[in-house]
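The same subunit A turns up in both complexes below, where it pairs with subunit B and then with subunit C.
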Partner chain A sequence: MASIPQRAGSVTQRERREWLLFALLLAPNLLLFGVFTYWPLLYNAYLSVVRWDFLRPTKPFVGLANYASVFTDRQFWAIVLNTATFTVCSVGLTLLLGLALALLINQPLRYRNAARAVLFSPVVMSGAVVAVVWSYIFDPRYGLLDQLLGFVGLNSPDWLNDPRWAMLAVIIVYVWKNLGYAVVIYLAGLQGIPRELYDAARVDGAGPWARLRHVTLPGLSPVAFFLSVTSLLATFQSFDIIKVLTDGGPAGATTTLIFHLYELGFVAYNAGEAGVVAVVLFGIMLVLTLIQLRYLERRVSYG
Partner chain B sequence: MTLSDDILLSRPVESAELRRATPRWRLAGYAAMILAVLVVGLPVYWTLIAAFKESREIYSIPPSWLPLRPTFANFAAAWEAAPFGRYYLNSFITTFFGVAAEVTLAVLSAYALAFLRFPRKDLVFLLLLAALMVPVEITIVPNYLTIARLGWINSYAGIIVPGAAIAYGTFLLRQAFLVLPYEVIEAARVDGAGHMRTLLSVVIPIAQPALVTMGLLSLVAKWNDFLWPLIVTNTSDMRTLPIGIYWLRNSEGVINWGVVMAGSLFLIIPVMIVFLWVQRYIVDGIAAGAVKG
Partner chain C sequence: MEQRKLSRREMLRVLMLGSGAAALAACGAAPSAEPTAAPAEPTAGSAAPAATAPAAVSQTGSTVTITYWGSFSGALGEAEQAMVQRFNESQSDVQVEYQFQGSYEETAQKFTAGLQANTIPDVILLSDVWWFGFYVAGAIAELDALAQQAGVDFADYEPVLLNEGKRRDKQFWIPFARSTPLFYYNKDIWAEAGLPDRAPETWAEFSEWAPQLVQRDGDTLTRAAFMHPNGASYIAWLFQGVTWQHGGQYSQPDFTMTMTDPNTLRAAQFYQDTANSLGWAGLSADINKDFIGGVAASMLASTGGLAGITAQAQFPVGVGFLPKETAFGCPTGGAGLAIPSGTPDEKKLAAMTYIAFATNPEQAGIWSRDTGYMPVRISTKQSPEMTAFFEANPNFKTAVDQLPLTRAQDAARVFVRNGDQIIGRGLERIVVNGEAPSAVFAEINDELTSAAEPILQDLKAVEG
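This part shows the complex of A and B:
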């Protein structure tokens, strides 16, 4: 590679060698993605139209029968509702509480960076251990929450065994674990809003609330968007919290689509219906991604 | 100096808006900060004291806020109740090789994407990025079947390999490589350095902060991974720590919270030590990534 090319032909040769090296360097990554990310998408689609229990040597084609049985199952629609409730509440609460906290903390306070680190620490803890710790906190007789509620004269509900409270318990744990992430991102966003905008607003006679509404919040919209996307993905990954805290129960009250997929596949051994749920989930991701791209396009053209 | 530089250097940059904050606003700020720290800290404190309490004390009403007679018995019992030594070993092995694979693949891919010519390079990049859109959770059934066909169920390879490819890290590193001063790279090449030497002695040292952040994010993700190791392991001696603590809770549970909380601390304490040591890289790296991306 050291020689300086002198003829057009040798330039091409040098370029060819670069192509080869490029392909070699990317091959392992692309190969793994092919086998473990893209192939499963196709295979899920295939599984969704066959009947299979992971054991039988044949997988008879059943057309859309799996789709019919999943979509006519009343429990499935309860699960869709659970997923929507969990996603909207946990993402919404994380984003709103995180915003309020970030706005309040975003001033020259002593120990602010230490507080930020403490707030962030649950983000790096394993969801499984967080859920184990919280299953003790939710203990209706000996748990921390019962103790705290006792101070104000209330009795603790049986959080994890009462279908009316279990979803709230899962949401609380999710928000507890992810709030620090939102705060850190918001703080970074706040520091990126140019000072001149505030000065200009002040000159125009805008009070604190007007400045919040017309400068701070619009300035934060890109990071808020980023947060909503990443938090949405994080709700997918909160399988560990649900599995450990409630195991999808009681009576399916905390079963989300991801959890349902796991149960169909690895508890009920129904590969076909698991395939259907995987296809549905992929469809949801696709729609969300398209919305995201639309938004980014708009930001580019008006930004 | 750009915004991200400020964040990476982590000087407390005050928002222009609040530099002239009123005392009342500042008081509200302190109140919010203290409340938030309490909300995060209390559950951890509750875990800590339970781990040092005698069983009798845990099940007394009202519970105490400080262990009356602190004991290490729960830690010994937890270590006995489950093969934690083995869990640590499994977690170390799968995390180490998982992170090594991700970092290596990300560096190689990012170098090629940033500095090498290839026809329709943008399409290759898109193919990598599109993988971000596929949550691993929806690939579990086909991947289980693939790993079974390879004979890797209940093995380290089975835990590590499906998660070894990396899109986000490649993306982060490519961004970091692209802003490197082109003259420096060119100078190295003119001096006769091959691609390997350019990568090792020029690119990596300059892009080190991004590399550290990426490696740490990968470390946290691998160490905490739950769903995949749960599916792909089926004997106690192959479980990682998160799966282990889940089984310990299931077997001890309501019967003995002290032991379960002591076991939880086996997981929480190492992570907290590492986190407090490197939190600046993680927190600031994440913040910078969000603002830039």
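This part shows the complex of A and C:
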């Protein structure tokens, strides 16, 4: 907004009033963020440099000892890898499958609304409930999945007790639960692409593939960007499904950074090392968000 | 004059940072809302915790209401509710309100948080691996004087169980839901395999039986001869006995860790073999469910699940002592009751009145018959009700007969903060990942040693 030069006195007064209103409107939010976000954030950073078990009256300063002990733990890098696998696969699959399904049910098919409802229903279910149901589906002896695999002559792996399969199982459940959300957002995006663009493309002789490539996908890029940011943040935080489905196991195969933080903090009662993991997580999310804002947003067409 | 205004983009950026940080803050909260029943207890089919039955209260002015935090749900939760109700109906001075807190671990978590927030219960159920940490932190009260006031006769408590809750001759933890592991077996599968109707005497004998008990579909084990629990379901508790059976131990009484003792490693190698080279055992997050569902022919599990498992299984359940190797070894386990130090004095006595009731000879008998936990009173075992019950349910007698042969667990599991889970995770790596026991346990040995350090410091400060 360009400011229009006016006489000095009245500008200052109006400006002051504007700022006051601005501050007033912002205050409730700032207060909430301050108390529940920024203060815990600072306090967590402090916890990461002390030794504390939630019980002692004192918190002796230990410098970077907690950092050293977290980073030299041989399991830590396996956990980082688990987190990367889980996040990349979950977000990637959700975005791709969500797009495919959105394009499919955007067609004027019969029962389209029913299909949308079915796709969206897992989103509103509790993660714990979803995990309990899937733990039966995955059972290699009587599970639904075992029966389905049986039709094509395959044996079900012991999904949840085999470290080679457990992560895939978690990803399947996570994507299944969150796919509907991506589909709904994509559908909204599809509705928002002006019809004229398709008509123009047709006139120019563009086939279905070219229309998808040059009209639909660029038109969807703002929602894809929005989805990538929100699902990345959500995936980093996902805990409920892992806790109930595998409890981070077997043998740590599905332990992600968030789960590790929980174990260090609320099972091992090591506030210092849990604080370190929280700082690491914060750093990663900050960097990812900045990258997304600076780099991806530039390539997004807002039409 | 320069005007500073936030552009839309800048505003978005601020909000984005905020939401990232909010996301992180959300991570810090303990997401422990899911009721995961204590895995040492039967979880299969166990429904949500029974709601507190509002007992009829005759509200006289002198009634003291106290809060009791516990970890029992499902069948055990019902038995516990019934106990509280009997107490509330038996007198009008004290009213107990039972509040289910989740597993043993979650109960300890909430107590820790409660200590910070100054909202603590008046009676708390703490498991074998948790009471000691709270004792060292000065969070639970010494009970001898209160016990005397409430007329509790410690001489009639099972000494093995009572002494575990003693430090420097003072009582801090009173045995209530105390258990030992038992060898559970599916009698139908046993009969089908033509095996004698008893638990194996030794692991060598069981290794001969096991191939007759398994069922396979290709490479998949569709029925395991034996099922190990995972770390969260206390594999380190069951392996404690197996370690002793092999002549090993987790640690010495002075907290010197002995995870790399050749016999401890031999026991770990045996556990690995059961799942790998011998291939007749599996590891599962819910062994009770597997056993009841006929997916596992046998398991080691707590006596505390006996009533629930017997009721749910569609086949006759057999139990026996733990198998021997070079020796017999069996740990005690389960949970006891404590009173927080911060509880106001007038409520402490009320809390002790409840503990006295819940562990009196008659109630200890009812609790034991309802659940399978040990009768904690010596006189309970000889009561006519108990004798008749044992005759009708010989499985329950097996558990009681094994009690004199048990011993208290090694410091590494019960006194080192998180020691149970540290050992449990190591065992998962050995059994599930097939990693070399010597390498894993060397790592675990170091981890336990450094985890023990602060406890030793605190212990020195507390006990001198």
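As a working rule, the second predicted complex is superposed on the first by the 258 of 303 C-alpha atoms of A that agree within 3 Å, B and C clash if a C-alpha of one lies under 4 Å from a C-alpha of the other, contacts with A are read in each partner's own complex, and residues count from 1 in each chain.
Rule of thumb we're sticking to: a contact is a pair of C-beta atoms (placed from the backbone, for glycine too) under 8 Å apart; a residue touches a chain by one contact, two chains touch by 3 or more.
Keep in mind it's a predicted model, so treat the numbers as computed, not measured.
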* **Partner chain in contact with A:Tyr262 - subunit B first, subunit C second, else both or neither** => both
* Determine, under the contact definition given at the top, whether A:Phe33 touches first (subunit B), second (subunit C), both, or neither. => both
* Scan A:Leu286 for contacts with subunit B and subunit C and give back first, second, both or neither. => both
* Asked: Can A:Arg141 be said to touch subunit B (first), subunit C (second), both, or neither?
  -> both
* Check whether A:Phe239 is in contact with subunit B, with subunit C, with both or with neither, and answer first, second, both or neither. => both
* Name the contact category of A:Leu21: first (subunit B only), second (subunit C only), both, or neither. => first
* When the two structures are overlaid on chain A, which partner does A:Leu41 contact: first (subunit B), second (subunit C), both, or neither? -> both
* To do: With both structures superposed, pick whichever of subunit B and subunit C touches the larger number of subunit A residues.
  => B
* To do: Share the list of subunit A residues that count as touching for subunit B in one structure and for subunit C in the other.
  => 1, 15, 33, 36-38, 40-41, 44, 128, 141-142, 233, 236-237, 239-240, 243-244, 258, 261-262, 265-266, 278, 281-282, 285-286, 289
* Once bound in the complex, which stretches of subunit B touch subunit A? -> 3, 6-7, 10, 12-19, 21, 25-26, 28-33, 36-37, 39-44, 46-47, 50, 58-59, 61-63, 105-106, 108-109, 111-113, 116-119, 121, 124, 127-128, 131, 133-146, 161-167, 170, 189, 192, 194-195, 220, 223-224, 226-227, 230-231, 241-243, 245-246, 249, 253-254, 257, 260-261, 264, 267-268, 271-272, 275-276, 279, 282-283, 286-288, 290-291, 293
* For the subunit A and subunit C complex, residues of the former touching the latter -> 1, 3, 8, 11, 15, 33, 36-38, 40-41, 44, 51, 53-56, 74, 128, 140-142, 155-158, 160-163, 229, 233-234, 236-237, 239-240, 243-244, 246-247, 249-252, 258, 261-263, 265-270, 278, 281-282, 285-286, 289, 293
* Asked: Can you name the residues of subunit A that touch subunit B in the complex?
  -> 1-2, 15, 18-19, 21-23, 25-26, 28-30, 32-33, 35-41, 43-44, 47, 100-101, 104-109, 111-113, 115-122, 124-129, 132-137, 139, 141-142, 144, 147, 150, 176, 179-181, 183-185, 187-195, 198-199, 211, 215-216, 223, 226-227, 230, 233, 236-237, 239-240, 243-244, 258, 261-262, 265-266, 271, 274-275, 278, 281-282, 285-286, 289
* Residues of subunit C touching subunit A in the complex -> 1, 3, 5, 12-13, 16-28, 30-34, 36, 105, 109, 112-113, 115-116, 133-134, 137, 139, 217-223, 230-232, 282-285, 293, 295, 417-418, 421, 425, 428-429, 431-433, 443, 451, 454, 458
